[in-house]
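The structure under discussion appears below in the form of structure tokens.
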Amino acid sequence: MKLDVKRIHTGNAKWSLLFTVLLLGLPLIFSTNNYLLSTLIMVGFYTIVSTGLTLLMGYAGQISLGQAAFYGIGAYTSAYLTAHAGVSSWLAMAAGAAIAAMVALIVGIPAFRLREHYLALATLGFGIIVFTFFKEWKGITGGLNGFFGIPPIQLFGFPLQTDFQFYYLVWIFALIGVLFARNIVRSRVGRALLSIHGSEIAANSLGVNITKYKLQIFMISAVYASVAGSLYAHYVTFINPDLFGIVPSIYFLIMVVIGGTGNVWGGLIGAAVYVCLGELLKEMVPMFIPNAGGEFEIVFFGLLLVIILIYMPNGLSHSLSKVLKRVSSTSRHRKEPILVAENENAGSVGGEH
Amino acid sequence: MKKSVLLEIEQLSKSFGGVHAVQNVSFCVRDQEIVAIIGPNGAGKTTLFNIVTGILPPTSGSVLFKGMPVTGKKPYQLAALGITRTFQNLQVFTNMTVIENVMVGMHTRLKTGIFSAGFRLPQVFKEEKQALKQAMACLEQVGIAHLAFEKADILPYGTQRLVEIARAAASQPSLILLDEPMAGLNPQESKKLVDVLLAMRNNGMTFLFVEHDMETVMAIADRVIVLDYGKKIAEGCPEEITQHPDVIKAYLGEEEGASC
Amino acid sequence: MDGWSQFVQLLFSGLTVGSIYALVALGFVITYSVTGILNLAQGDFAMLGALLCITFVNSGIPFVIAILLSVVAVMAVGGLFERLAIHPARNSSIATLIIITIGAAFVFRGIAIFIWGTQPYALRPFTGNHSLNVVGAVIQTQNLWAIALSLVSFIALYIFFNKTYIGKAVTACVVNPFAARLMGIEPRKMSLGAVAVSAGLGALAGIVIAPVSGASYDMGVMIGLKAFIAAVIGGLTNAPAAIAGAFIIGILEAFTEGYLSSGYKDAISFGLLLLVLFFMPNGIFAKMSGKRV
């Protein structure tokens, strides 16, 4: 019997690779379809945020209802530093990430002494307070009127302005983010996070410094959100506080729930479903219900949230990975080392990373 | 006794409001000993464990481990020093596989931090491989290696207990506290567990355990400590204890007040 | 308007808003005590109540009947919500349940947009456009209605929970669900009742505030959130403390608005929430109590 590390991490490298190639090849085929590209760019931003949030919620089991605050911190830091202070966009992005991490640390220290309901309310409160600052610090953020004229991001002195260019920029970040998250969860740190979710008291008694890991992963998730915010600001060149209030925080939460907890691809799947469904609803709803405003679509997201949580609490990525596993195992069933000898339902064996 | 003292408990007390769960309890545990704590329900056994493992602060008194005062240390710090435990109400990580449970138990022995993990530095892979091998060995020790890649939540109760024990032993601590390890096990399973514990002891492990099943206590305990209403009412080898008048009184539930 | 009359004016507007928060917070405390769920859709019951009542009044139904009808209708919505969303997920984790209530809030809001659109509506005051003059401050009678109605509700609830059989049964479920079951009380059924009563309280709050600040599909968000702050400040399961918390928040907001800037109103309330959560997690009126491990 050969022991292999791959046995614990039953993710599908093959599928992941295939998907990555597809993703990066797509613009070469549809290079002139700006609608498609810009939609997928949005998916990219949200993938980055929700991958970070998946680490926090899906792995460590800690809720955050204020994630959009970090998204906003990144966006406004980049906007201000590049537009008003002449700082390079990369430096500004790093500064945003650093600020977001600091804020996460400062808020996290008292907040992660709280649990469940209280943690939910505290992060919500944090989100609303930051949102208020975005609205009221008019000198920096432009207040409710918004922040105009954010310069494009520069790469080796060339501004990245077309959707085609931005697509690659965003998706390289997103894929690196997913890879980084995948590496974390397949390690001592990932197990520590899962153990906190499983039983704090047992994790603590086995040597896991719970507070440290909660804070670390909160900071990491803040950095993910902030980097996405920075990229977003450069892409749209105009931002306003409403993009970073509680409702966006809830949308990030919805993405994580749709995508599923306990799988690093969950964030991407959630982001994709969210954006595509949103686009679809924008098309469909006026056809069936002519007088409903654009905001009517929230009813679908609300329903989706409730239904998924009741009937599919592990999210779409869980079901998808099962399907993929079945597809690949039928083709090479015989070659698998049979470790679980006396177990009848060996088909369902395996972690869900 | 020639063996050195591993754990020393001095005048430990814990009150919850008006409930004096543990009162002035003192005793010690020596290297490679197996010490049992017995006592009726609500005697304060679990509370004592919670204090020793840092989950609860004592109201007064102190705990010394390897001669070092450890009162007030956090559970994870104590784990790093070499004290781990199992729980009366199972605390298996049901969101993980059996082997991952055990690998969490090795947490203090591994080094990978969040950045070396994220960037998958070469040593991480080596460490993972090593950890997997050791975790597998732990599972073999308690006889559930064949279940390594099962999700922990589908296992029967008795097997989950074994997972907890393997997990607690995974970091090769000096002392393991077991809170009612036999509860929920069938006779064969408990017999197997007795053998496992004795074998682990021969490999250098020390155990302090709470148990209601007197057969197990008689079979493996070198020494027995009896708690009743938070007080230590007797201490000695198993044969002495079963003859002890206060112990008989406590268990038969005669008029109290005369105890101690 | 001199300083003193401004003070009185702000105080009254704080008391009015506070009594609305108190009604919603009370519903929240009841739901939480009985079901253990933090219902983030609580504020949307207020929105539904207000908009329904406006529709009824506009279609010519007498005022009092319109109020009663809309309260009952929202109670039915609350009951439906409990059956369809809370009950099936009752064994899920707390985080899951919180998120479910967020989803429900979205659904309520979406339905409201569908029926009423996004424009604000007005409801005429209960008793004409009269106002009183108190040391130079102009107090609308509707403000007095708000305060009075919430006081009446508190007293009614107090009597319900302490004097009637059903009320005592609910209390029993909260104090000791196991013993309650032994006595033949079914805590599960209480969950339905609790959510329905909370919904009714929320609806009443919405109806009362509608003549003062109008009604629209998104009015529930902030009312709900502020009510949570009030309840948390009070310690989540303590109704009188939640009411006190609600008035503290209401008055604090009125003064922030009057003396500072309305933009900071929400931040100040949530700042207070964070302070309480971080430093007094059992509420400002609570004694410390140990949790068993």
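Every chain is named by a letter (A, B and C) in the order it is written, and numbering of its residues begins at 1.
Note that a contact is a pair of C-beta atoms (placed from the backbone, for glycine too) under 8 Å apart; a residue touches a chain by one contact, two chains touch by 3 or more.
Keep in mind that what you see is a predicted model, and the values were worked out from it rather than measured.
Innermost chain of the displayed assembly, by C-alpha centre distance to the whole-protein C-alpha centre, is A.
Among the remaining chains, B is positioned farthest from chain C, on the basis of C-alpha centroids.
Here the CA centre of chain A is 33 Å from the CA centre of chain C. Note on chain placement: the centre of chain A and the centre of chain B lie 40 Å apart, centres being C-alpha means. Chain centres here are Cα means. That of chain B falls 48 Å from that of chain C.
The set of chain B residues that touch two or more partner chains comprises 55. Among the residues of chain C, those touching two or more other chains are numbered 293.
Residue positions of chain A with contacts to 2 or more other chains are 201.
Within the complex, the chain A residues that touch chain B are 3, 5, 7-8, 180-181, 183-184, 186-192, 194-195, 197-199, 201-210, 216-217, 220, 262, 339-343, 349-351.
Residues of chain B that touch chain A in their complex: 53, 55, 74-76, 78-80, 84-85, 87, 91-97, 99-100, 103-105, 107-108, 110-114, 117-120, 124-125, 127-129, 131-133, 136, 146-150, 164, 167-168, 171. Residues 57, 61, 63, 110-111, 113-114, 116-118, 120-122, 124-126, 128-129, 132-133, 135-136, 201, 246, 250, 253-254, 257, 289, 291-293, 295-306, 309-310, 313 of chain A are the ones that touch chain C when the two sit in their complex. Partner chain A is touched in their complex by these residues of chain C: 38, 84-85, 88-89, 92-96, 98-100, 102-111, 113-114, 117-118, 221, 225, 228-229, 232, 236, 261, 263-264, 266-267, 270-271, 273-274, 277-278, 281, 293.
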